[in-house]
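As written, the chains take the letters A, B, C, D and E, and residue 1 is the first residue of each chain.
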C-alpha cells in the first residue's frame, strides 16, 4: 500500500491523493500524540485568549458580565428611528418594508390627517412580529428614509408570547441611539435621512408623526397651553391643584418645545414678577428669573394660541378632555396677558405664512 | 480505628470499656465515614471531570453555582432529587426498582477494603484484593437487571454490552493483578502497599534501600506493564472513554440507563463515579504505593499501632493525614488521566473492544505473569528452589538481572503482540475475502 | 459458630437445599431452569464440605480445596451447559426440554 | 453476538446522532446491518413552493436556511442563478468577496463536519470544540461583513450587500495564521489515532462506480477517488484565477472522506490567501450599481451550480417574466449524498451507521427542504 | 455472642431456602435467575459465618460474578425471556416434589440429625484457632493437590474450548451480509473467472481505477 503519493497536474492545480498510511503496524504512538495535543490545550487554557491568530487559551466570554463584541453591521431585530430634536419619526409609511419582508411580519397603517382625511407621510401604527422575524435586514436595506434599522439588542427572551408582537411605541428609538450603536453606518446616511425628514415634517400636521410616547406629552402640554389661552373668560375659577406633573414631564420634550414652554413660563413670570406666585411645579426652571423677554413670551403665546386653535378645531379629543380640567397654573393676570398676546399674535400672523415654517427655520 | 479507640478509651481515659463495645463504635464510625465519603467523592468527581474536560476543550466549565462553580454537583443533585421518577408501563417494576440498588451496593461495599492511610483500612481482610474484584463483579448483575427490566431494546443491548465488556475485561485486570500478587505473595491490599516502601526500588526486593515510600511497582517492568494493562481494563470496567460503549449515546442512546429518570438515574451515576474513584484508587494502591510517600512510614512508626501500643496518638493523625493526602492525590491524578483520555479519544466499537481485550490484553498480561515469575525467581529464590544461577550473586546483581530480563521480555512481547494483533486483523480480512472468492 | 450452631443444623440446611435443587432440576421444563437446579445442588454439596472442614479439621485445607474444585467444576458445567442450551436453542428454537424430541438434526 | 434473528431497530427521528430529525429503519442481524431504510421528510418546510410565491430577492434569506452551516454558499448559488436569468453583471471586487466568503464557509463547514463525525465515533466533543472555536472566528468575520453569524443573507444580485468593513481584512489575516495551526493540530490529534483508524479504515466504503451511479458529489465523491470539483470542472465566479489542488481519496471509506476534508481546508486557506493578494481595491465595487434588486427577469430559465462544501449545489429557476420565479428547484448535495447510505451501511456494524452518516456530512435542512 | 451467631445463621438459612424455593417455583426465568443469585449470596454469607473467607469471596466472584451472568446471558440470548403464559414445570412435577420431599424428610434429615458426629471440642474461648487461609490453600495447590489442581485447570480449559465449539456457529452457516465493496469484489472476481488469485487488498482495484479515471 505504501506507494508514492499519486498526483496529476490539472489547470492551476493538481489532483492529489490523500496519504492514508493506514497499513503500518501501530503501537499506540498516535494515541500518545493525541494526548499530547490535549495536554497542551489543558495547560494553555488557564490563559485568556481573544486573539484570532491563536488556537490555545480560553476563548469563553462570560456572558452576562461580559458582553460579546458586536460589530456595527450586526442585525438582530428591526427598530424605528425618530429624530431626537423634533420627536418626529423618520418613517413615512411608504410600505416598502412591508412589501419586501420575506416572512411578512411587518404591518403598518398610514396616518391620516384628521381634519382632511388625507394620508400624511407618517405612520399611525407599525407592528413587527418579532417572533416570526428572520432578521434578514431587507426592511432596513430597502427603506428609502432610513427609518427602519436593525437593532443590536439581542436579549429579547420573554415568557409572554404576545410581547413579541411589537408595536410602534416599543419600536421607536432615537436617532442618537442608532448613531451610538452604528456610528459609521449612520454617518453614511445621516445627511439624506435628515433632509428627507425635514421635508416630511412639513407635510405632517400637528402631532402626527411624532413618536407616541412624546406625542402624549406634547398633546398634554398643548392642551394645557390652550387652556391657558382660553382662560380669560372663565378665569374666575381658581385652580385647586396648583400644577400637575405634566409640565415637569414636558421637560423631556424636544429642545424646541422646551424652549417654547420655557418662554411661556418666563413670560408669565415676567408679567407678574412682583406677585411671587410661582407655581411650584415649575421650580425646575432655572432659579434666577430672567428679565422679561418679550419676544420669547410672544413666541410662546403664538405657539400656544396656535395649538389651542388647532386643538379646538381639529383634534377634539385631547382638547375636550384637557381643556376644562386642566388647571391654570398661572394666576389671573398672567393668563389674561398671555391670552391677549396670543390673540394679538394670532391675528397678526394668520395673514402671514404658516406658523410652523417660521418656527422651524 | 479500633486500635486508636482502644488506646484512647481504655488507655488514655482509662474507662475500661469492653472490647465489643469499642469494636461496635469503631465499626459504626467507619461505616458512617464511608457512607459519607463515597457520595462526596462522586460529587467531587463530577465537578472535577467537567472542569478539567472543559479546560481541555478551551472552555471554562461550570462556574456559576458558588465560587468557581463548586456547588454545581449539589445543584445537580437537587435537580435529580426533584425530578419525576418515571417507570415505563411495560417494565418489570420490582426489578426495575432493584437494579440501581444492586448496582450501587457493591461499589459502596468495595470501600470496605480500601486503605486510606497507614492503619486506616476499614476492614483488613487477608483476601481483600480478591474481595474487591469479587464485589465489583456483582454490579454486572445490576446492569443486567436494569437492561432487562426496562423492556427496551436499547436498554437491553446496552446492558448486554456493558456486562460482556465488564466480564471480559475482568480477566486482564485480574491477570495483571496476579503478577503483583505473585511478587508480594499476599492477597492483602495492605501488604501490597507495605511492599512498596523504598526509593524507586522496593526495599523488599533490595534490602537497604532508604524508605521514602517510593518503591512503587510501576518502576519495575512487570509492574509497568501490569499497570498499563490494568488501567486499560479499569477504563473498560468503569465504562470510560474509549470503552464507554454501553452508554454510547451516538449509538444506543444511554444504554441501560435509557429508561431511568430522577434519583434512580442518579444512583447509576453515583455507582459509576464511585466505581471510577475506586478503580483509580486501586490503581494508585497497587502500582503507585497507595498512601506510601515520603515521610508517612517514619511518622507511622511512632504512632499507636497494634505492635506499638505506647505510641503517640498525634503521630497517628499526622501519618494518617499525610497518607490520605498522598492517596487522594494519586487517585485524583488517575482520574485526571481518565478525563484526559476522555478528552482525547473516540470510542472503540464493541467487537473491536472485545478483540482488543481478548487478543491483545490477555496475552500481554499472561506474558507479564511469566515476567513476574522470573522476577520472583531472580530476586528471591535461592538454591533451595532450584535457582542455581543466582547462587552467590549479590542482591543488587540479582535485582539488576531480574530488571533487565523482565524488561526485555515485556518489550519483546509488546512489540511482537502489536505485530501479531495488526497482522491478525489483516489476516481476518484476507480470509474473509478468500472465502468470498471460494463461494464462486 | 462451633458452639452456637450444631453441625447437624448446617447439614440439614444443605440437605434441604439439595432437595430443592433436585426438585428444580427434575421438574423444570426450561433447560436453563434445569441448570439452575443443578447449580443449587452443587452449592448444597459445597456447604456440606465447608461445614465438615470447619467442624473437623479447620487447620487443614482439604475441605476448602474440595469446595474450590467443585466450584471450578460447577463453572465448567455452567459454561458447557449454557453453550449447549444455546446450541439447542439455535437448532430447535426452543429451550423447553420436553419439546426437544426430534433426533434428526 | 450469538443472535441469529433479524431485529428491526429504529434509529431516530429523535436520536442524538442523526444530525437532525432523520430516521433510519435498520434491520440488524446481531450487530450487523442487513438493511437500512432512510426516512426523511420530518423537516420538510415547503421551501420550493414558498420560493415560488416570493419575489426573487425575498428568497435570498430563505436559501440561508437550506444548509444552515453554509448560508454563504447557498446565497452564492442562488445569486448566480438569478444573475444568469436576468443577465446581471457582477463587479470584480464583488466576485472576490464572494469567493472569500464561500471558502471561509468551506473551512467552517469542514471543521465542524470533522468534529461531528468524530463525535459520532464517541469522542467527547473535543475535536468538535476545536472546530467550533475556528468556526466562531469565521462567524465573527461573517458578522462583521453581513451582520449575522449564521443566516448571513449577504449576497445580492450583482454583488454583495455591503462592502467589507475596514476591520475585516486585518482580522482575516490573523485568522489565517491560526488556521494552519488548527489543521495541523487536528491531524496530530486524529490522523494517526489508532482508535480512529479502527473505526474509520475500511468502514462505509463507497466504491467509485457506485458513487458515480448515485450521483454523489463533494467530499464524498472525491473521497471515493473521483477528482470532480465544480470549481475546476466548470470554473464559475473567479475560480479560474486561483491555484488550488483537488484532494481525492483512495478507497472511499470514512477515513478517506475525513482526510479529504482536512486537505480541502488547507486548499481553501490557499485560495483565501490568493484572494487577499488579488482583491481589487475599488470602493463601492461590492455591488453592481445598475443591478436592481427587485428583478423581473425575462422569460426563460437558468441553472447555476457551485461547489458547496457538501457537494454540488445547484439552483434551477424558470422565469415567466414576473417578479417571482415560476419554478424554483434546489439540487441539494446533502440529499443526494444521503441516498447511498443504505448501500454504504450494509454489512457493517450498528455502531458504524452513525459514523458513516457523520462522514457523509448532511444537514437536514437541506435534505428535507 | 452465641445468640447473635444463632440468629445470623437462622436468618441466612431461611434466606437460602426461600431463595432456592423461589428459584424452582417462579414462572419468570429471569426472576428465577435473580433468586438464584440471591441464593448464591446467602451461601457466600454462610461461608463467611463458617470462617471460610476465601471461599466466600470465591463464591461471590465465580457464582455471582460469572455463572449467574452467564445464565442471564443465556436466558436473554434464547429470547424466551419472561415465560409468561408458558408452563414452566413438567407434567410430573407432583411426583418429583413428592420424591424430593420424601428424600429430605425420611432419609436425609433424620440421618443427619440422629447421627452422632464426633465433633472435636471447640478450643476454649480466647485461644486463637488456626484456620487455613489463602496462603495455605495456595501452598496446598502446588504441593499435595498439584495433580488435582492441574486436572481442574485442564477441565476448565476443555470446558472453555468445548463451550466455544458447541456454541460456535460455523461461518458457512452464519448469514454473511456483504458490504458494498465486497459485493463488487465478488462481481469482479466472477468476471475474472480466475478465483485462484484472490485480490491482495480489498481496496486496491478502486485505486487503480481512480487513477486511470483521473489520467484520462
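Heads up, the rule we're going with is that contacts are C-beta pairs under 8 Å (C-beta built on N, C-alpha and C of every residue); 3 or more make two chains touch, one makes a residue touch a chain.
Fair warning: this is a prediction, and the values are worked out from it, not measured in the lab.
Note on connectivity: the fewest chain-to-chain touch steps from chain B to chain C number 2.
Just count the C-beta contacts per chain pair and the biggest one is C-E. Comparing mean CA positions across the assembly, the chain most remote from chain D is C.
Taking each chain's centre as the mean of its C-alpha atoms, the one that lies farthest from the centre of chain B is A. Put simply, the C-alpha centre of chain C and that of chain E have 11 angstrom between them. Chain centres here are Cα means. That of chain D falls 53 Å from that of chain E.
In this assembly, the C-alpha centroid of chain A lies 66 Å from the C-alpha centroid of chain B.
If you average the CA atoms of chain B and of chain D, the two centres end up 46 Å from each other. Across the assembly, chain A contributes residues 15, 17, 26, 28, 31, 34, 37-38, 41, 59 that each touch 2 or more other chains.
Shared interface positions of chain E, defined as residues touching 2 or more other chains, are 1, 54, 58, 66, 73, 77, 79, 167, 169, 178, 182, 202, 210, 214. Within chain B, residues 56-59, 160, 343-345, 429 each touch two or more of the remaining chains.
Considering their complex, residues 53, 56-59, 153, 160, 241-242, 244-245, 248-253, 342-352, 429 of chain B touch chain D. The touching residues of chain E, counted against chain C in their complex, run 1-3, 5-6, 9, 13, 16-17, 20-21, 23-24, 29, 32-33, 36, 39-40, 43, 46-47, 49-52, 54-55, 58-59, 62-63, 66-67, 70-71, 73-75, 77-80, 83, 86-90, 92-93, 96-97, 99-101, 103-104, 108-109, 112-113, 115, 117, 119-120, 122, 129-132, 136-137, 140-141, 145, 148, 152, 155-156, 158-160, 162-164, 166-167, 169. Looking at the complex, you find that chain A touches chain D at residues 7, 10-22, 26, 28-31, 33-34, 36-38, 41, 51-55, 59, 69-75, 100-102, 134-138, 141-142, 150.
Contact residues of chain B toward chain A in the complex are 52, 55-60, 340-341, 343-345, 414-415, 418-419, 422-423, 426.
Those residues of chain D that touch chain B in the complex are listed here as 1, 7, 9, 15-17, 31, 118-126, 129-130, 133, 189, 193, 195-196, 198-199, 202, 349-354.
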